[in-house]
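Encoded as structure tokens, the structure appears first; notes follow it.
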Amino acid sequence: MAETASESFTLVITGAPYSSQAPQTALGFAQAAVNAGHRIDRVFLYGDGVHLASALCAPPSDETHWPEEWSRFLVDHSIPGVACIASALRRGLVNETEQKRYELPAANVRVPFEIAGLGEWVEGQIKSTRTLYFHAGD
Amino acid sequence: MTAIQTLHILNKSPDHPRAAQCLELMSADDGLLLIGGGVLLLATGTLPTATRVFALSPDVDARGLGNLSSNNVSAVDFAGMVTLSLQAQRVISW
Amino acid sequence: MIDQPPYGAWTGREALDMAFSLAAFDQPASLLFSGAGVNWLRQGQEAGAIGQKSVEKNLSAAPIFGIEAILADRAACKTFGLDESSLIEGVTLVDVDAALLTDYHHTAFAG
Amino acid sequence: MAETASESFTLVITGAPYSSQAPQTALGFAQAAVNAGHRIDRVFLYGDGVHLASALCAPPSDETHWPEEWSRFLVDHSIPGVACIASALRRGLVNETEQKRYELPAANVRVPFEIAGLGEWVEGQIKSTRTLYFHAGD
Amino acid sequence: MTAIQTLHILNKSPDHPRAAQCLELMSADDGLLLIGGGVLLLATGTLPTATRVFALSPDVDARGLGNLSSNNVSAVDFAGMVTLSLQAQRVISW
Amino acid sequence: MIDQPPYGAWTGREALDMAFSLAAFDQPASLLFSGAGVNWLRQGQEAGAIGQKSVEKNLSAAPIFGIEAILADRAACKTFGLDESSLIEGVTLVDVDAALLTDYHHTAFAG
């Protein structure tokens, strides 16, 4: 009996948590993809989506903590999470390298998210079976 | 059931200009998957008739539209969304 | 004034907070749902399915907290297949026109 | 000859910099209001507008640094800039008080912005001659 | 020139549902101030005729619409926007 | 694909960056402007007036950097009063329909 071929995805999130539903829908999709035996090559945060990588969100305790949920999922499945550097620097999302380079008072990127260029998105698009985008709705 | 050429994933409310463009640019052998605010198309009664239409269950339920789905609309969960996105030849996220 | 559909964006929720805050400070406030925003008022929303909270309870509590009225644009309700039987309780259907707006000193969107 | 009566404004910004034009338009308006001899009682950041209070934005050097421009304007004219606490906590904007309370790794609110509740907006609306909103455009 | 009752400040592109609602809800004694993407209404030729219309110059210039302003539209700078917002009895920011 | 008007939001700019990035990695890419997005292509934009940069220069450089085509939806151009004389150079007017989309492997918006 032939096994179901394992496919791979690149997911691009362009909507911010607590502003759009994009991170929530993307997580539901990612979990289902992994459960079905597929691979997620990379999650790429672009535009307002970079806010998902914030280490400083403190939503009310009865609301889902989307950055935390996403971080845990990425760590559990060893999936790279990458925030676009141009989007991130404009929007105030920086890791320690960027903090030093731009002499900023703090860093606020959550583990395991990294900061990198659009090349990571291009590479994902070439490599993965499908690239899906999760945009803000309205 | 023939293969889906392009799967159009629409998360915009029917009054959003991008929703109108998505509906305009679909072919008969394409599929339409409504997610997020896109599921409100189930409420306006302006669903495309020539195309297969799917709607993401959690989004349908969240918006209280569970009993509006007609026979022309198939409810799918996230696993179904994954399957659809692989079955189709291409995916466009509107 | 809330014209964005539920759950996809946070502005509807944040507009509710604004109205409740006005009421808490004894300022008269009403909520007007128009356009795709009327879908906030549909009965039977199960927002838990997408990891969010339903606002149905908040809206039911609105009069208790001093919100004067929950208004919904009649035409928009019709567009989205909503009538008295499918709307949550306590909603008043109105025809939104220039005259309605002049009844209020301030009109604001949350975003 | 009668002097022009001095009026006052509360400005509410709900659109984020580098995502919407709202902070730019609001600054143009605020500068013109001050130049005309009017008072700005308060600038209130709500929803995505709270990102204007970020201390960590590093836009390209040939783009306007909106958080910096706004901070300078507020300091120069002793105008209170307030970010809504509920919007800010969800979106990862915290000062040192909130950092401690929620045990977060850093604070990222820029001087002179403060964090406070919607009561500040209500008060502004009552007190000022006009309250203007600067929303995202699309 | 009679007083402006409500000044409607519109920053949404003409294809945005809120733009349509704004235009629908204006009275003849109101004023319309186009800012941001709202100035694109100067390009579509669908300006309201019964109402006084203003457009914010920097936004008009940024979008290359400087020579489209007809006689029915008054260009204003930020100082003019401040004045208009105080002259009107009420302001609605769409 | 760019369907949002210029300067009010950053997505148009970020879509350009995506296209340039594809070209930089030798991936074939074209830009399609539709809806209110066609207003990015109007001659004589003076974005300095609002503290932003004009994209006219970037778009002129697009062919040099390997962008295959800059397409604009004919119908949208008409809606916004744009014709060959008011468009920047190098733009090809097309009728956007289902057939056009099938010419491309990937179609993406920046937001």
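First chain written, first letter: the chains are A, B, C, D, E and F, and each begins at residue 1.
Rule of thumb we're sticking to: a residue touches a chain if its C-beta (ideal position, glycine included) is under 8 Å from a C-beta of that chain, and two chains touch if they have at least 3 such contacts.
What you see is a predicted model, and the numbers here were worked out from it, not measured in a lab.
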{"item": "Chains contacting each of subunit B and subunit F, listed by label", "value": "A, E"}
{"item": "Winner on C-beta contact pairs when E-F is weighed against C-E", "value": "E-F"}
{"item": "Same or different residue numbers at the subunit A/subunit D copy interface, by half rule", "value": "same"}
{"item": "Greatest separation from subunit C - chain, by CA centre", "value": "F"}
{"item": "From subunit D, the most remote chain by mean C-alpha position", "value": "B"}
{"item": "Subunit D and subunit E, separation of their C-alpha mean positions in angstrom", "value": "24"}
{"item": "For subunit A paired with subunit F, centre-to-centre distance based on mean C-alpha positions, whole Å", "value": "26"}
{"item": "Chain centre separation in whole Å, for subunit C relative to subunit A (CA means)", "value": "32"}
{"item": "Residue list for subunit A, restricted to those that touch at least two other chains", "value": "18-19, 21, 25, 28, 47-48, 63, 86, 90, 131, 133, 135-138"}
{"item": "Residues of subunit F engaged with two or more neighbouring chains", "value": "4-5, 7-10, 35-36, 50, 52, 106, 108-109"}
{"item": "Residues of subunit B touching at least two other chains", "value": "11, 13, 15-17, 36-37, 58-59, 93-94"}
{"item": "Interchain contacts (touch definition) - all pairs", "value": "A-B, A-C, A-D, A-F, B-C, B-E, B-F, C-D, C-E, D-E, D-F, E-F"}
{"item": "Residue ranges of subunit F in contact with subunit B within the complex", "value": "3, 34-36, 96-98, 101-102, 105-109"}
{"item": "Complex contacts: residues of subunit B adjacent to subunit E", "value": "15-17"}
{"item": "Subunit A residues touching subunit F - in the complex, by the definition given at the top", "value": "12, 14-15, 46-49, 86-87, 90, 117-119, 121-123, 125-126, 131, 133, 135-136"}
{"item": "Residues of subunit F touching subunit E in the complex", "value": "4-9, 35-36, 39, 42-50, 52, 79-82"}
{"item": "Touching residues on subunit D, where the partner in the complex is subunit E", "value": "7, 9, 21, 25, 28-29, 31-33, 35-36, 38, 129-135, 137-138"}
